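Here come two complexes built around chain A, the first alongside chain B, the second alongside chain C.
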Partner chain A sequence: MNQLMTNDNAQPRHGSAIRRLFLMALLLVPALAVSMPASAREVTFSAELKPYYGDGAYLALYVTDDKGQYQGTLWVAGGKSKYYRHLRQWARGSNLSRSEYDGLTGASVQSGRTLNVTVDLADKLFDGGYQVRIDSAVEDLRDAPSDVVVPLTRDGAGTPVSGRGYVKSLRYDFK
Partner chain B sequence: MLRKLHSIPGLVVGIFAIVLAISGAIMAIHPVLERSQAVVPPAGELSVAQLADRIVSHYPGTEQIKRTPSGSVIAYYTNDGSTGAALINPTTGNAIAPYEPSRFFRWVKDLHRSLMLGDAGRGTVGIAAALMSIVCLSGLLFLVRRQGGWRNLAKPLKGTLAQRVHTQIGRITVVVLLLSALSGTYMSATRFGLLPDASLKEPPFPTVNHDAPRAPVGDLKALRSVDLAQLQELVFPFPDDPQDVYSLRTTRGAGFVDPVTGDLLSFTPCPMPSGVYGLIYQLHTGEGLWWLAIILGIGALGVPALSMTGTVIWWRRRRSAPKSVGYSREDADTVILVGSEGNTTWGFAEALTTALIDSGSRVHLAAMNSLARSYPRARRMIVLTATYGEGDAPASASGFLDRLERMSDDLNLPYAVLGFGDRQFPAFCGFAKDVEHALARKGWPRLIAAEWIDRKNSQVFNRWSRRLGESMGIELSVNHTPERPATQPMTLLDRESYGEPDSPIFVLRFRPSESDMKNSRDTETRPFEAGDLIGILPPGSETPRFYSLASSSEDGVAEICVRKHQGGLCSTHLQQLKPGEEIQAFIQPNPDFRPTTGGSPVVLIGAGTGIGPLAGFIRKNGARKPMYLYWGGRNPNSDFLYRDVLTRCLEDKRLSELNTAFSRVEQGHYVQDRLRADASRLRQVINNGGQVLVCGGRDMAQGVMTALDEILAPLKLDVSALRAEGRYLEDVY
Partner chain C sequence: MKALLIAGAVFAATVVSTGVQADDDCYEPVANWRPKSQLLQYLQSSGWQVMRIKVDDGCYEVEGVNPAGQRVEATFSPSTFESMGQEYEGDDDDEENEHERLAPSVDPQTSTPAQPPANSLINARPKVSVQ
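Showing the complex of A and B:
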């Protein structure tokens, strides 16, 4: 469930600070990472789920500003896009437009398991008032918008933050 | 073809069908349970705004309100950073109970839709559902054909116990099972994208930008105009996000509500396909239709029994399937053709084939449908055929008459026809008679006269075979007894003698031999009822003779009533049998000849030794249902069988009326005369749902039938109508 991502532009533009470029290239040829803009860094997010009784959870991992305004999608776990509306905050921010999550989806995450997502984030996102959030939902159970909210700071790396829904904790680490 | 289309998918899907049906039946309880716990105010009484207002007053951190199709209202809320859910009483807004979806039903649901195997399991289940649809459809069509048309679908069933149980459960549940299977197939096909995904497309989120504070949820006009009964889901806006809105889903569509102005924004009505999917989903699950859920659940419970009896039927057919014997079409001098739905007729045909080959004939044995244009060396053709439904051809003979038309005119084959059937059906041996006529029209010479065999009667078959042998100038001895069980020794306990010297009658009582019971438990007599048959093998014969039992296994004895026939091998043997001596015998069930359960009146008609099973029914009439006996004998001084028993039963009301007719006395008359004299009484009994059971010789049965047809004419009824309803049963010999 690892995924590489980079951004080419430190300048936020129309609420989208993150661009998915070089995606495949980075996956296949790690050497290319050298050519990556110096203003980005590789970050791994680990979201551990609580044990609960139900099917795999749908999760949306995305970036917002400090007011909770959607900025961009990092990852969506869950195969059926018709259920994405249950990831409500993210759904509203991304307007569920395909271009926002194309190529950034994977399987749903089972109870008690951990989702690891590795992305390249612009330096400027850290200590810039940005947050990473997870919306979660499980079939026949409640939806949990903003299940967990983690401010992006340089010092915050390695510190797990508890969720209120299905997410037990979310942490991020620099490489 | 239809049978294969039924049995092959049925066998493939068998174990899956049982799992799906049992889990489905359990799930059917869910809507019923859910409905029983919910408080559901009448439609039009409560708006979504009122409901939300009440809930928010108890749970300020409400995030989402759901209404299930069964009418349960569930509120999801956050309180001090922890989440909760409650089942709500909509009239108060209070919690009925904390809400937690049942783990058990969750588990059963997983089993039902994916066998706990994820997408692979879902695919398997989808294929199983499709196969089950085929099994239901082919089964229904097969039953219709077997019963002789849609009109006869509800009529009494024939066949072995397994066949009757299978078809009885099948015809009751087929509509429900077809509904479940087809809707399940549709849902699975949608899930895997084989059919267009019909789910409602989310309308785009609207942009609102207010600095004004949000209005209380109870004041929002868009929510005030939606009745609770239409609600599916209401999601509250995120408290910290001024641009967020309410999301609303109703039975009519989806949209948003401005939290400040209360306006309805970008509402999208449900598209047609979404409504169709919703309906099919509801028909499959019974969600929101608890009564349908009960019907679906009960229907599903029929599946394990159907699956198991179906397998038994298939296995029995397979085990007794015809083996290929004989010569090729080109070499054969004798062609035997078989038309059969079951395998009974094949059994007779094989025995005949073996005997003919043993006596030097080159026999080609084949199904009637494989009739060829010519048989170069053939000198005779023998057709053995059953009849299907109302005089139709059995499956393996469906094309025979057409093929016969096209046969070479040069051929001039002497032929013989043997029909197999059951005289209880109006079209007894109907197809065999058609074949006989068609062959006669061909102008071919008849080898021997056609014979019609009633209910696998092996004695008649053996007699016919002897005549066939005579016509060929050989001594042909065919002894074939279909499915004859192992015999066991039985000891004669005692005997009573009746009748006149020229035609003695005796009542014999047997008990399984003690030596035998000590040796083996396996040979214990199987349970039997009055009306069942006992097959007795006279010494030196392989062919059993059948007698109707006048007692049941509970009585501890097997009692029969036998008239000695001139030269009869078995009856002569029985006449000379002394108490303490043994016979070889076996029990053969005859479940088609029995009074129905329940309180309907029963008319018992018989003559001579036919009294045996009838007296047995009367003795067993502990429930004192009205029973009227009409019985004909010769002379009350010589052959009034069961006189004492019947008198006792009259006294204690097990028998309501005893009507006798004696033929060899002054002004003698027959039992049918007695019936005519009692015509108005009989009409009354039949009008009250009465049932008629006839036991005795063929001539008497014919006379009784004619008399009853006359008696019933004013009711616009006749014997064949009663027979079709299972109210006229015969045991005739």
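Showing the complex of A and C:
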């Protein structure tokens, strides 16, 4: 009987624990929803090309650490993979492995035009010593490895950085 | 022992030469090159419509329509005019290039199938436009 009474009493206590967990979950859901966008940022990189006489430029937009070690590819402009080796530093870092750029390629960019690439980037990349670089190359003209190098910082958003090859400037903006 | 060394050298030479043959590039001395105008004449007399001839990776690269009526990009030896290969319009590697030649300012997203990149930095295909 005593045992039975204990069990009877335990039932409502168990029910209130579930209610408490449910309430906690309800409180956590909005908190998680707020914290998730903070882990990634939507960033648009805009690379404006200089006016030059020549074919469309091949560009590799990629991330390195502060020592220039390749971390990953954001975009490759240029349709023919046989020319990718001219994007020299990116080619060395990525080993020209297809898995590094599959689904991340498009047309080359003509003289004077601006390439805009919008991606979600992890928040930790900003102020973490990472850089975004562009290697560029134009057929029958000189290759420009690390044409432009931009440190990824929160304060650096909106500030154009001049290139030394075919890129006139590269800037990034948060949404 | 000497025979073994010779056999090894022959094997290595075979491997190296196979590698060179597999390469798309041409390695002929410039002194042996024949002029573009001769290649143009040769191709036209063979039924080609030539749109452009340029030098690429040591070869002559020709854009045009071959005698079978196919639009191609073909590579020729600059000294012998031997065909080194052709890429047809619609080849996988050439699809984006074709897009690039015909409509360079169009958003490339519309021309390439969206494939999820196997990339540690991003997990979706970027939105890309050219202005």
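Keep in mind that, in the parts below, the second predicted complex is superposed on the first by the 137 of 175 C-alpha atoms of A that agree within 3 Å, B and C clash if a C-alpha of one lies under 4 Å from a C-alpha of the other, contacts with A are read in each partner's own complex, and residues count from 1 in each chain.
Operating definition for what follows: a contact is a pair of C-beta atoms (placed from the backbone, for glycine too) under 8 Å apart; a residue touches a chain by one contact, two chains touch by 3 or more.
Treat the numbers as computed from the prediction; the structure is a model and nothing was measured.
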| item | value |
| --- | --- |
| Superposition on chain A - do chain B and chain C clash or fit | clash |
| Dominant contact partner of chain A by residue count, chain C or chain B | C |
| Touched partner set for A:96, first chain B, second chain C, both or neither | first |
| Partner chain(s) touched by A:164 [first = chain B, second = chain C, both, neither] | first |
| Chain B versus chain C as contact partner of A:140, first or second or both or neither | both |
| Which superposed partner A:116 touches (first chain B, second chain C, both, neither) | second |
| First (chain B), second (chain C), both or neither touched by A:154 | neither |
| Partner chain(s) touched by A:82 [first = chain B, second = chain C, both, neither] | both |
| Colliding stretch - chain B into chain C, listed as 58-66, 94-102, 274-282 or 490-498 | 274-282 |
| Chain A residues contacted in one complex by chain B, in the other by chain C | 82, 140 |
| Chain A partner contacts - residues on chain C that touch it in the complex | 24, 54-56, 93-100, 104-106, 108-109, 111-112, 114-131 |
| Touching residues on chain A, where the partner in the complex is chain B | 53-55, 67-69, 82, 85, 88-89, 91-92, 95-96, 140-146, 164-165 |
| Chain A partner contacts - residues on chain B that touch it in the complex | 63-64, 76, 78, 81-83, 85, 101, 103, 106, 110, 197, 199, 202, 204-205, 235, 238, 240-241, 243-244, 247 |
| Touch list for chain A against partner chain C, complex | 56, 63, 71-75, 77-82, 99-110, 113-122, 125, 139-140 |
